Amino acid sequence: MTLGALACTGNGLHRGVAGVSLDHVTRVPYDGYLGDGVDTLEGLRRQLADPSSGVVPPAAFIVEVIQAEGGVNVATAEWLRAVQEMAREHDSLFIIDDIQVGMGRTGTFFSFEKMGLDPDIVVLAKGLGGYGTPIAMVMIKPERDKWGPGEHTGTFRGPGLSFIAGAEALSFFEDDALMKDVVSKGARTDERLAAMAKKHGAIKAVRSAGMIHGVECTSGAAANKAINAAFEAGAIFSTCGPGGRVIKLIAPLTIEDDVLDKGLDILDKSLAKAS
Amino acid sequence: MTLGALACTGNGLHRGVAGVSLDHVTRVPYDGYLGDGVDTLEGLRRQLADPSSGVVPPAAFIVEVIQAEGGVNVATAEWLRAVQEMAREHDSLFIIDDIQVGMGRTGTFFSFEKMGLDPDIVVLAKGLGGYGTPIAMVMIKPERDKWGPGEHTGTFRGPGLSFIAGAEALSFFEDDALMKDVVSKGARTDERLAAMAKKHGAIKAVRSAGMIHGVECTSGAAANKAINAAFEAGAIFSTCGPGGRVIKLIAPLTIEDDVLDKGLDILDKSLAKAS
Amino acid sequence: MTLGALACTGNGLHRGVAGVSLDHVTRVPYDGYLGDGVDTLEGLRRQLADPSSGVVPPAAFIVEVIQAEGGVNVATAEWLRAVQEMAREHDSLFIIDDIQVGMGRTGTFFSFEKMGLDPDIVVLAKGLGGYGTPIAMVMIKPERDKWGPGEHTGTFRGPGLSFIAGAEALSFFEDDALMKDVVSKGARTDERLAAMAKKHGAIKAVRSAGMIHGVECTSGAAANKAINAAFEAGAIFSTCGPGGRVIKLIAPLTIEDDVLDKGLDILDKSLAKAS
Amino acid sequence: MTLGALACTGNGLHRGVAGVSLDHVTRVPYDGYLGDGVDTLEGLRRQLADPSSGVVPPAAFIVEVIQAEGGVNVATAEWLRAVQEMAREHDSLFIIDDIQVGMGRTGTFFSFEKMGLDPDIVVLAKGLGGYGTPIAMVMIKPERDKWGPGEHTGTFRGPGLSFIAGAEALSFFEDDALMKDVVSKGARTDERLAAMAKKHGAIKAVRSAGMIHGVECTSGAAANKAINAAFEAGAIFSTCGPGGRVIKLIAPLTIEDDVLDKGLDILDKSLAKAS
């Protein structure tokens, strides 16, 4: 909602409310955006290495490990490491936005574990608040932290209830039970979606990581038809990605198996109607 | 915390965290800032009326009815109406920031009732959340509202608990019991502070409106000495205004009389130590 | 014509062509703008001294010794020194724009000589180019100069002919003949204008310094009527100031006495028609 | 030298003098920048077509037909038409900066003739002033021109001498003698440079169009060595491009054959010393 965040978002609806020019952000195509095998970072890499290009190193590179609102696009570890390397080379900060896919969503606490990444700043929110209380967390490496205690704060930062809910949420990560469960429920969902993809002409592709799944439909209209049918049948799904073509599945990590199955059954029937 | 809000605030500590230039805000001295009888709006009024001045009408005039963090400075209704008139004349919005002194703080729901003011936008927060849950309210005249539903929103806008607490808080305004109580407790506090002002050399002036009171000390050091002594004795006060010279009293509107008295007793003793 | 210059100018017509927001400039009323005896700097002085005002020291104060386009308003040395003092106190640069009234216009090379002023930067142009060749000069105190040689330059900076014409123009200041002449022709013009002010109802006030004179008319319409009549009679005058009420006289410093007299005769007759 | 021009330039030295953030410009790799056969526009084309990309159409695309300071890089007509097409599709202006290579430099008045281009704005300067007098020209299609007469002007716009010199310069284009001569002298220079490229190890590539030639050396050091030797021998060349590796030849279009030959002889000998 801030000017900084609106400048970063690709969402035109939200950008439009700013009322002022949203600057200081340059967008680089995401991994896979220009087709298989195209290194989407090459243009910027050359420009940054070229003292006559007029392109100066940014203060920071900010990246999602999985583009959630962007359509459940999963970047490779290689591509993410290449972003990190560019940041290091030009003394820019490397920031990972783990708001939607951190907090265990992909089967590990952070979405980028075991990828050889070492971000300067990580942003967490959503799942952190336990069951939806408002809380977010900005983790900054001590040597990068320029703020004094309480320097950037407001009346409603850190509400008490959110701290209690958040502490309880974090306690779920003390052993690996939840993460095992996420991996297993994610795989179970993958299986079901793979079967649906074979059956339903409305599905173009399926992408996932742990318990975030994207069902890319042949069109935004088909995706809409499916989620409307699902809503009538009692399940809420939303769309994302270019043209709203991708149905996004982000069930609570603690969902019971039978509830998850019920939701997938509804999706299955709804996609049949969208074909 | 946003760039827009940081550009508006006079607080240098908070402004400093922006990291970018904070523009688009021009500050006009508040009522009384240039001494008694000086019309602090005259310079701007002439500039706006003069097509060669280079000063163009702002998008909006934003004003506090009482400068809370600024040192509990109470503007006259005349001055506030003059601001409103300038806004009307130049087709600028007239915005009242009632965050700290609205919601009954001055003895009426809005701080500016019966002043002949008709703002285009009013901002409320703090007391609105009932007992501290995070919620704020931006009231915009329908004809000035350019936003579609949900256009400017985020994950944590409007948390459920805050809505429930806020509805309960608003129910206190269904009859005039609370406001009568605020007026009476405010007057009781005024009396006590007037007595303290006579006794304690550390007090330079006392200002108030309903249940917000400012005790201006002879120096920031004296004010600090007093609030530290109070803290040791079990009561929390904070300072505000230029140089932190003003001790601010903003007790909960629902405070019990004996607790209020106890707090004032502590302040009395603490000010004695600060002289 | 640059964004920086357009942000500084009070001319709405020229500001309008920028097409982007013109920021980073705050305007303080000029000496005399708020009536006789009002210290127009007092508001800013207090704000800058007040750490809670939200007003931070500017990078620079930029001021004209005489507002030329602004209506031939002549500031007192006291007021100018007060601006300089504020700049010194807050470690801001003190810049004098001597573009229109420097180069001998007021009877001394700089317009601000013998006023106790010591600007960090002085800007000269117009008269510098001799007879109108394009050249300007930015004089920066060595300790304030951050630019390397040729760092801020373009294809057409410093055209050869302008350097030759400028050197010739500067040679006029080797002895005091020209300045004596300016003082004498300025005084002669003052006398004539004083006589016209008595005769013509269209004249409200006359202001001058050396060979820049402003004839403030009762209205912009009257001023326009006068200069149109003058144009018909063969003399060019332009208007300036709020509402275009001020007829500005800036004859070439080397004008012959009889040509000057002829121009003043035309003005006299033209003002008669404007009454 | 303006903020707008500095924001556009790739020259870091000149950008550095701005002192403020230079925004509102995004750089797209030039034709050939990412290697042969790579469509450097593809990334931007997809982003602009994708409503979720966060990339909004620019106010204008600005392009050089030949990157002069950038190293004498010659774009294909296909690539330039693709830029124009993107501009048309997104209702952005299509601007050609013909400052260095217009005015007959490439053998036609504009550098982009017969390429199927129809720019909204063309900028000319340098050669326009005849023999170096300061004058530039911004040609805007009438339907795109928003400025009133004299709205964006300053004291020194359009100096009289420049208009006379410019009119004389334009008279050279009344018949095709000069352009024939440029083509012939350009070809003669191409021949000489091709021979040098065979002889001198210091030369990596040669590029040209009419009478602008770039001799790309193996390193910036080699290029520097060559132009320093040439300077000692009485001829001035400058370097351009990434790392200053490219020696740029832009002789006056009216240079006599024997003077041109003499210059090329000096360059030949100087490159021998740089190997």
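A, B, C and D label the chains in the order they appear, each numbered from 1.
Note that contacts are C-beta pairs under 8 Å (C-beta built on N, C-alpha and C of every residue); 3 or more make two chains touch, one makes a residue touch a chain.
Because the structure is predicted, anything quoted here is derived from the model rather than measured.
Asker: Pick same or different for copies subunit C and subunit D, depending on whether their interface residues overlap by over half.
Answerer: The interface is built from the same residue numbers on each side, given that over half of them are used by both copies.
Asker: Among the chains here, which has the CA centroid at the largest distance from subunit D's centroid?
Answerer: It is B.
Asker: Between subunit C and subunit D, tell me the centre distance in angstrom, where each centre is the average of that chain's C-alpha atoms.
Answerer: 39
Asker: Centroid from C-alpha atoms only, then distance subunit B to subunit C, rounded to Å. What do you get?
Answerer: Chain centres of subunit B and subunit C, defined by C-alpha means, are spaced 44 Å apart.
Asker: Would you kindly tell me how far, in whole Å, the mean C-alpha position of subunit C lies from that of subunit A?
Answerer: That gives a centre separation of 59 Å.
Asker: Residues of subunit B that touch two or more other chains: which are they?
Answerer: Where subunit B meets two or more other chains at a single residue, that happens at 20-21, 24.
Asker: Please give the residue numbers of subunit B that touch subunit C in the complex, ascending.
Answerer: Result: residues 8-12, 15, 21, 23-27, 29, 33-34, 40, 42-43, 46-47, 50-56, 70-71, 241-243 of subunit B touch subunit C.
Asker: Any idea which subunit B residues touch subunit A in the complex?
Answerer: Going by the criterion above, the answer is residues 1-4, 13-14, 16-17, 20, 24, 99, 125-126, 129, 132-136, 147, 151-157, 159-161.
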